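After this come two complexes, each holding subunit A, first together with subunit B and then together with subunit C.
Here is the complex of A and B:
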């Protein structure tokens, strides 16, 4: 594309990019400012009754009137946010273990074996991705809460999250398993190894990168999920972090933006780091799934 | 069909009969147990009602309530304990319970730990006045519970004129109706007939005739069993009613002739009441059961059983087909041959079936009923409404409402408004996301542009932020009084905007939020595709004399297409289903105008608690998505090469 160089001066490109960067980072700086302001208000500064333009500019610049970590301290000591984080962590960790187990075994079977129902099974996984979340939400609510009595219970959420992540993970892992040469397994078969041994001793160790990506993906999905958690977890002590954060600013009670901002930063930092580390794999997985869907 | 051997046909027949008849017998057994239980309960109610009648009359006459209570418990064979609560005086008026007798003479003041009895009487009083006020039977006026395996406690209101002033608690020994299972068990003649017909199979040629004969035998056997079952049910019901009538006569004769009992007290039909204290009129004063009336009242239950039997018969026929055509054998062989493969798939498949596919079909099923929060305990088959839910969603086309004064307004709750808004929302978002993402990708692909890694990592950030956090941040920034966006407007000298008071400003707010979080995806996809275009292509284009625009048109765009088309398809589905942004930022304000289909379905389910209506709504959403999916498949042929 060197032929574009001479057409548009870099200055204008930089100008546009800088503008976009500002738009992109402003909300992030905003939440940082609210978090470090030490108060619950939406405003960074207290505006006088008849504010001048300068006052208003001051109210828009993302820098708090005084810098304080009080919100971070309070969100853990005054609010049950620590408990909510723990809930999220437990659910996400268990989801990861279960999701990876289910997805690796199924992905391996779809990759290595030819059996009646293979194609139907793979297609059904893909089609299930088309069900809108709320279509199964009502039945799932009835099943989990009213039939199984697993409302406000870790197990209910773990079961839901690990099954919703299955199709994507299975397809991703199948793609990876396909790239592992079969000769390795064939020689093991010659030596009399059973399929289970081959899977655990040969395939899984070779697929560490893909399994790691699947695990991180399952973890992130569970960590960030909002609707199911909102629907299933009724008791305040069983909220997950997303439901809890919304509780700070979504209800009819006084909105606590300081708690929300501080909590958001704590909840978002690990997944943002994970995401930036993972993005490459996720993008290839997503587009592969889309081409086939 | 060719290989419908005698052995397979017989195996199919036996499988079908075992499944069909077995499941039917389970249902029948359950239905008969329910009937026996309700007859037993009715017997307890009759005893309690007789006692309450006598006690109310004695109290009105100013007689000795405690003496009468003790006399009744001794006279009525199944009445074990009796207790009378006078709620208006907060007294325990009479009792036969040993603990109450030890506490002293009656009436006794109710103790703190006896408050439950007082509350119960008050509950009955409230139920009675509600029913009188509403003119219909809705609240239970007879309380019934099992206190032990064969002991039932009945609590009835005690009346003073038309006022409930207390309650009568009666503990009775269960009086069971006679066993109604007269005649042969239903399956014996069926099996005999089946075996007889089996002989015929040998005479028939293989293939279709033999298969059809087996099918006919299956169908006839199941039909016979179902009609015998329906008859048994009717019979059980009648026997149960007869037992209640006999019991009422027993109670009446136990009381007759006692000096402290009036002849007026002995109206057996008055004791035969349902849980709303409405007379059931299933037998007359002579204890003669009104067979016609009982059967009429039972028609619905029998119809329900017939429906169930029909469904089970279909299931049995499916199994017959499965086994008789040798399909089951092939399934079995495949299962054994590929057992390790199935072993690996089964855990994930079970999870998917239980928590994805079953809920999906259950959701579709629910959409044909009228299930709400208020009738969750009612059996589903009572709530069948057919396509009513769908009709009320689809057929209501009144998007524009005309008020009485002729002014027009939009009905934001209407399905077509929401659908239109959802499409507007999806198209605008995908357009913005794609244009912005593509532009940024083209810029970031310019060679020798400085700071590219820096720009790239910053511009990808919105994708990394969990979207519920993004949504809540923007909700804060759009706050009317304290939000920074209104501050910026005021710096420019404008008036603050109340963002969520008009649908178009509200739309702008959600659009802005979603645009912010969705462009990085497109940018990254497009950038990846751009970087994979080999430079030779541009060289070749230049050699061929193509200009800048032509190079873009004939080299860049076609190379982007394979990556961009799936990405656009994916983001259409994502945006269409983007629950969090709408639910958290605009919350549908104003008045549901900025609701998209999926948030609307959620609110119907979990704010209005109309589960079935929400299920139907979701099915409509699914159909829309499916039509879209089929259409885009046709357009892109994207399913090739699985």
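Here is the complex of A and C:
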């Protein structure tokens, strides 16, 4: 069906792609269905003792018997989910600010200055990324909760998330700063700019794409994280959204899949909004016109 | 206005000596060109004047002040970079007044200076554009404008024209020269292009391998190069060189395939040099098929033509004389044929003699 020398005909290729899209979207459709079902159950169809094929198909198609926003209302009114979202927002926002500030300044130093320990510093950042997070769980618990007494405290979590996010962000930003021509800084130096002015007025405005990616990464690290938050936040009022969600299901009490699904959707919205907002900074060629013709 | 003095300047990167010992005085209001092949240390010298590189040893003064430990911003200089180095996120106007805003200069004064500089350079119509919306030549003008608004006592140019196409380069060459004549600001201009050096500089300093070879006006360098390097570097087409030895009587040079009578002009100088290995230099315009009007005594040389280059106003012929390739200028209306022999006249009082070992110039050879 194709007159080009394609190794895979278009029809089969498209069929495969459609199948993969379904595989990807199916769980999300279920979450939406459960959230808008107004119930707490995962099953909408009670299979008769001797189910027909049609019955079986109805049971796996994500379509609620009735549509209701009751789960969304209840998750905020019956459960302290609003409080948990607020906790998440505070921690994630603070992590982003702290992560971006420390990573930009550190990345700039690693990119531009020669100092003892520069290579070792960059390598140790890299090495810290090689270990699975759970490996550090116990030492981090000892440091944060037993030594610093920051259990069930925003600051403890912010510290943890910042240190997790910063190594990646520093590497990312250092790589970007390296591409900014040094003559720009020398030119600013001749213009009388101090290192601080050069950093804030020349380097940062030119690094918007990298800073946007870094900010998004820091925010998502903090917003989605579960294990660390579960470990050090043991008061219910200090749960973050992922930890709170976990307690709707899998406990000894009744399984509240409706709250879980509705809460998940609400929790996904800020990340999506942030991504859409930062997208406009993710453009290439910001330094076009700086050097050469 | 200020003079710039480099006194026994030395620059090392680790064990590598980039500049050995540079002594150079750039006079007030002078246009000084530093020229040399890449890696000769000319840009490093300029960057040391700017304060962007530390000085390993020696002293740099601008005006009457030693500036070794003065940061770039306090040296009262402005620099135009090879890559222009415009701030891409700022408009042309913001690029030009960035330095003035940092100095907290009053707004009216900033506006006056930007208006003045942009009028001089003809860039008023795109003051609100971003650098990426400009052509290479326009960017170059903005980079120069950024230097002008500062009204410094010294301008530094680091190969500012090397990113432009040939036609624009000629135009900007004239503009920068004219600008310097008008502003009368001491200027240090670095280039690897000897044509730029010859056409723009009041004086030229030729550098090679971290050593200053010669300082002089363009014509001094052209007519009396101090050594083989300067003789080869300055002039297009380059000077011809014939390797040989001074004859027993000191009156001739004999090489592989030629014997050249040195003539009266050089006889005194060559008298005590019998048997010495030398290189005889002669510029192509003094090696012609018909001697120039009013030229001094000539000696004939026969050349087998291997290549003919027609440039319109003149024709260049190339051929081997012994083992050395030589170029001569011939009458454009008598286009010679390849593989034929031609008799050329060599102007004897234009000969340059260089010691084959030390490569230094032997004859005085003042301009006649």
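In this section, the second predicted complex is superposed on the first by the 249 of 293 C-alpha atoms of A that agree within 3 Å, B and C clash if a C-alpha of one lies under 4 Å from a C-alpha of the other, contacts with A are read in each partner's own complex, and residues count from 1 in each chain.
Here is the rule we go by: a contact is a pair of C-beta atoms (placed from the backbone, for glycine too) under 8 Å apart; a residue touches a chain by one contact, two chains touch by 3 or more.
Keep in mind that this is a model prediction, so the values were computed, not measured.
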{"item": "Touched partner set for A:270, first subunit B, second subunit C, both or neither", "value": "neither"}
{"item": "Which of subunit B and subunit C A:124 touches, first, second, both or neither", "value": "first"}
{"item": "Touching partner for A:34 - first (subunit B), second (subunit C), both, neither", "value": "first"}
{"item": "First, second, both or neither for A:191, with subunit B first and subunit C second", "value": "second"}
{"item": "First, second, both or neither for A:209, with subunit B first and subunit C second", "value": "neither"}
{"item": "Contacts of A:82 with subunit B and subunit C, given as first, second, both or neither", "value": "neither"}
{"item": "Subunit B or subunit C, by number of subunit A residues touched", "value": "B"}
{"item": "Partner chain(s) touched by A:9 [first = subunit B, second = subunit C, both, neither]", "value": "neither"}
{"item": "Contact residues of subunit A, present in both the subunit B and the subunit C interface", "value": "286-287, 290-293"}
{"item": "Subunit A-facing residues of subunit B, complex", "value": "334, 338, 340-345, 347-349, 351-352, 354-360, 362-363, 366, 376, 440, 442-451, 455, 457-470, 472-477, 479, 482-484, 487-488, 490-491, 516, 524-525, 528, 530, 538, 542, 548, 551, 556, 563, 566-567, 569-570, 573, 576-577, 579-580, 583-584, 598, 601-602, 605-606, 611, 614-615, 618-619, 621-622, 625-626, 629, 638-639, 642"}
{"item": "Contacting residues of subunit A [partner subunit C, same complex]", "value": "181, 183-184, 186-193, 197, 202, 205-206, 285-293"}
{"item": "Contact set on subunit A toward subunit B in their complex", "value": "1-5, 7, 10, 13-14, 16-17, 20-21, 23-25, 27-28, 30-31, 34, 41-43, 53, 56-57, 59-60, 101-103, 105-106, 108-110, 112-113, 115-116, 118-119, 121-125, 128, 130-143, 146, 159-160, 162-164, 166-167, 170, 194-196, 199, 223-224, 226-227, 231, 242, 245-246, 249-250, 257, 260, 264, 267-268, 271-272, 275-276, 279, 283, 286-287, 290-293"}
{"item": "Of all residues in subunit C, those that touch subunit A in their complex", "value": "50, 52, 72-73, 77-79, 81-89, 98-99, 102-103, 130-137, 139, 146, 150, 163-164"}
